[in-house]
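In structure tokens below, several structures.
Same chain, two partners: chain A is paired with chain B first, then with chain C.
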Partner chain A sequence: MTRRRVPEWFVLLLPAIIVIAAVVLIPLIFSLYSSFTPYKLTRPSTLWKWVGFFNYEKILTDAKFWAAFGRTVLFLTIVLNLELLLGLGIALMMNKVTWGQRTLRTILMFPMMFSPILVGFQFKFIFNDNIGLVNNVLQSVGFQNASLPWLVDGNLAMFSIMFAEIWMSTSVFAILILAGLFAMPRDPLEAAKVDGCTAWQTFRHITLPFLMPFIFIAMTIRSLDVARAYDIVQIMTGGGPARRTELLWTLMSRTGYVDARMGLANAMGYVSILLSILFTIYFFRKLSAARAELGMAG
Partner chain B sequence: MTEVTLSNVVKKYGKHQAVHGIDLGIHDGEFVVLVGPSGCGKSTTLRMIAGLEDISGGEIAIGGRVVNDLPPRERNISMVFQNYALYPHMTVRENLGFSLKIAKRPEDEIAKSVTEAAGILGLDELMERKPAELSGGQRQRVAMGRAIVRHPDVFLFDEPLSNLDAKLRTQMRVEIKKLHQKVGNTIIYVTHDQVEAMTLADRIVLMRDGHIVQVGTPLELFNTPVDTFVATFIGSPPMNLVDGEVSGGTLWLQGGIELPVPSSARSLVRNGQKVRFGFRADNLMPVGHSVEEEGEIAELDLTVTLTEPLGTETLLFAELGGLEVQAKMFNPRPVAPGEAMKFRLMLDKTHIFDAASAKAIRG
Partner chain C sequence: MDRNLAHRNRRRALKTAHFIGLFLVMSIICIPGLWIVLNSFRPTVEIMAKPPVWTPSFTLDHYRAMFGGAGEGGVPVFSYFRNSLIVSVVSTLIAILIGMSGGYAFARYRFKGKSGYFVGLMLFRAVPGVALSLPLFIVFARVGIIDTHFGLILAYVAMNVPFTIWLTDGFFRQIPKELHEAAEIDGCTRWQAFWKVEFPVARSGVASAAIFAFLTSWNEFALASQLTRSVGSKTMPVGLLDFTAEFTINWGGMCALAVLMIVPALVLTFIVQKHLIAGLTFGGVKG
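And then the complex of A and B:
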């Protein structure tokens, strides 16, 4: 009578394994599998038809996909850089505040507390060409004919979305950089003053190198965040007009849920994840280089 | 010629006054040590000279030029900080050359100055390392190197040795003194350690609660302290102080011990004056184990309570009128606690302070 006993460690790990399998592994495998089928939500039987790399081939030659891909990269680049500059500026100013800094810090985080959907609605109203706040202000200060089509013109719409995104998330940079400023030893700054540095030189040669690790951490977090931008865009323009604000995730959701071509949408997902992985690797390299520069471990 | 002059310098933080109108003249090439307990205002004073703190009142002049409103970079000073304050992202070479690079000096001149400073401080081997890869002593040397490459008018040291272990501290002390002998600049040095002050200074400025208590050479402060604070702060072990009262030519110490008033002070004390009688351990020695035989001497029978052998001498703790006093035994022999010994007190080396004002009574 020999029964094979399940090892104890396995039994103990089983709940975790089940949970991870249910929420991560199975959906992951399922979506990967379905990207090799012409799976349409409206016709479940298509799930069983294997088409190999057909979806991927289709994506690689699809101008709409690459337009969305390029637009996402552009969006990411502009938004991250502006958020960095603004966040750095805000953090440097906050660091000088001596009274009421805690309150200010809390206020600074308000935009992050709003649901992105609501932020989207808010800016949709602000930038509305008829009743929007911006056009109203422009008209009331004398530009009588100013009725700019903020959300209708392709470039202006892109600008408006970026504005909303930056408004909502600059504080991520500001808070992380402020944390860096708090952690910064005071002595090297004083040494730099004595060594003859002007305020700008101190910032350029001492403060900034010290902040670089914090900046790259913020960059990594935000690049993942922005690369999957969806809600604000969906609410404000829905990817329009005529797909001029179409980003990867709005394209994917359109393909998957509107056109019901889930197999193709999943294939797009896997291609676009490459983008996030590349950005993450890039910023992590930069992060460890910046840390090594400061003589920190790792 | 670089004198540093402080006239009635005041520092206030809001309502709290940290420095109360200090006057001090420092000569060209002089090594001056500001010493005192924590919170006495010595570091604040140094930072005002450096330009890292605003001056609330009075005037500071470096080389005859009033610098009150000049930023640090226009004062031609350099400073060594307690925590070294090296730039963590730069190599030793870059740390040393940073100030010259900022001043836009030509590359070859920077290289020459850096090599020279590295040579003086023995940093040649470490030039390509980052501060994180250096030991405490090496970092301290880099910090000093960074200060000397610029050939400043004045060096400021802010407790530079307090983060080092005892052995390294002694070693760096010697190096700082050698450095001063080699470069000959004016040095202002802040420490809370009286041994550093004694060993390094041409002149010591002893501060307390934002006031200067006494200025003088190390030996002046040691031999003629102006009050009990100086007497107990300078010298190790601190001076023994025993309360007493003058009556005729006699000094009645607590516990009923009777001593003649030292002849030098006899005309300066009043009958019935309450005093504090001070003497150093070096001047209270067991009979047969003393170094000085001449002079005004009083003998005392005391019981030893504790011994600390130091090699060439043994520190004896003895009971005098219910108080523990310290004495020194030269050419020591083993002494057991509880042993009664006869001591010789060099009366002409003792000090008498007024009990009420704590000021020294001296002719």
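And then the complex of A and C:
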């Protein structure tokens, strides 16, 4: 009889697998189960009642849920695209700077160190309609009665939240794209110049393709924690006014913690998990495709 | 002559536009943070003043209240700071150990379904904190580790391991295999070859992974707000909420705590700034 030896790689991976299984997998299985029950925190016995897909049917036919879902997708689309464009712009500008670049790069990393909840409070303060910096400046430069209700009006509140989110996360893109620009070989650029390419052509056909993997890394890193937006929204508006800034995550936490309807909240949780996973897989695939194109696959 | 002049003018205009654009970007990045710092030194009357006061006066009242006033509804800042420090440091250390061994396994061994395992691990990182906090709260409450350092550390380790694996994997992969083979031929054990030869080379990658793990734990809110209840385990992001009452917010006090929260992260990032960028790019591009 031959004894099978446990392979070394498995031993090395084992601690990671154990921790993740204990802290993430088991709760997720539990929440999957409880999403099929009418579980309420206040009545533990409801955990043993099986109701099948009732919770899912309920949220999928709920207009409030779909509104939050659509808003979340829209929010992510706008925010991620703007962050990418701004990050690209900032990186290109930074690349042209001839002196003090290190200092500027350090400043650029500033927002990355801020806790999302701190960002939320900071912009709640700045966009405050009574004592906020924005309104104070507006009034001081002459708009005497400009007291814009930044966090009270639905559209303005959404704008403020997006501003906060973009402020916090653009630097991830800018820094990664800047690193890509530094790593770029000079020869193709010079060849393009000799061949008479315009600045736009050079950018479009040489710089941008080279930057693609860096852009996708940034996207992948971002897609891992898009849900950080929850902290910001929760602090700045809490989903209000009148649900105009309600995202999937705030709706879920309200259903779970305020209404104590865990089963329903967990069903929503699964929808949001699927959303995050789809984002992540999409960008991971893009990343490996971009890598393969540049021959960096390992 | 005319064309020369036009060309020069255009260059000058571009240069000015570049400078203005950069200046605007930098101000937008800096002003919100500086505003917080500035307001932590202003008396509450002035913060709330209407019309606004633009010439700031200086006071240390908020800091005095924060550090001195554990009584009279004050916020126990020292406890929060200590909790944050313990939880972040311990969870970072454990996550680095576990993540490094995992990253090494991915970088050095061939096995079936490797990329499947890898993406699978990353997906666990993608689970939103809010979605996880509901079931995690119930499970932790059953086990009885809610409101303890241990519970929070456990949660953060699980949260940080996937990303650590991703970064360290990229770094170990860059080190040529011949290096540790040579070390083994010279009589090192596999462990010695790793510890004495490969680890020092990959050190900057490990450092950057550590910074990310630390910042994530230091700043995390969604999980901490549910898994901690009392002064004994609340971290600083949760503590920020102590300054909010039903309808009012003690802005000055909150700004002071915010400054206390941001300074350690700032100092740490300054020290290892170089590794941070290198870690992100190498780990990702060549990984």
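Simple rule for what comes next: the second predicted complex is superposed on the first by the 259 of 298 C-alpha atoms of A that agree within 3 Å, B and C clash if a C-alpha of one lies under 4 Å from a C-alpha of the other, contacts with A are read in each partner's own complex, and residues count from 1 in each chain.
Note that in this section a residue touches a chain if its C-beta (ideal position, glycine included) is under 8 Å from a C-beta of that chain, and two chains touch if they have at least 3 such contacts.
These numbers come from a predicted model, not from an experiment.
**Q** Taking chain A as the common reference for superposition, should the pair chain B and chain C be classed as clashing or as fitting?
**A** fit
**Q** Just chain B (first), just chain C (second), both, or neither: which does A:206 touch?
**A** first
**Q** Thinking of the overlay built on chain A, is A:293 touched by chain B (first), by chain C (second), by both, or by neither?
**A** A:293 sits against chain B, while chain C stays out of touch.
**Q** Between chain B and chain C, whom does A:77 touch in the aligned arrangement: first, second, both, or neither?
**A** neither
**Q** Applying the touch criterion given at the start, work out whether A:194 contacts chain B, chain C, both or neither, answering first, second, both or neither.
**A** Only chain B; A:194 stays clear of chain C.
**Q** For chain A, which side has the bigger count of touched residues, chain B or chain C?
**A** Here the partner covering more residues of chain A is C.
**Q** Now for A:140: first (chain B), second (chain C), both, or neither, which partner does it touch?
**A** Touch status of A:140: second partner only.
**Q** If you've got the overlay open, could you tell me the nearest Cα approach between chain B and chain C in whole angstrom?
**A** 9
**Q** Please write out, lowest number first, the residues of chain A touched by both chain B and chain C across the two complexes.
**A** Correct list for chain A: 296.
**Q** Hey, which residues of chain A end up touching chain C in the complex?
**A** My answer: residues 7-10, 12-13, 15-16, 19-20, 22-28, 30-31, 34, 41, 89-90, 93-94, 96-97, 104-118, 121-126, 130-131, 133, 136, 139-140, 167, 171, 175-176, 179-180, 183, 213-214, 217, 220-221, 223-228, 230-231, 249, 252-253, 256-257, 262, 265-266, 269-270, 272-273, 276-277, 279-281, 284, 287, 291, 296, 298.
**Q** Hey, which residues of chain A end up touching chain B in the complex?
**A** It comes out as residues 185, 187-188, 190-198, 201, 205-206, 209-210, 293-296.
**Q** In their shared complex, at which residues does chain C touch chain A?
**A** Chain C residues touching chain A: 18, 21-22, 25-26, 28-33, 35-36, 39, 47-52, 54, 97-99, 101-102, 104-106, 108-109, 111, 117, 119, 121-136, 138-139, 154-155, 157-159, 161-163, 165, 173, 215, 218-222, 226, 237, 240, 249, 251, 254-255, 258, 261-262, 265-266, 269-270, 273, 276-277, 280-281, 284-287.
**Q** If you look only at chain B, which of its residues touch chain A in the complex?
**A** 50-52, 71-73, 77-79, 81-89, 98-99, 102-103, 130-133, 146, 150
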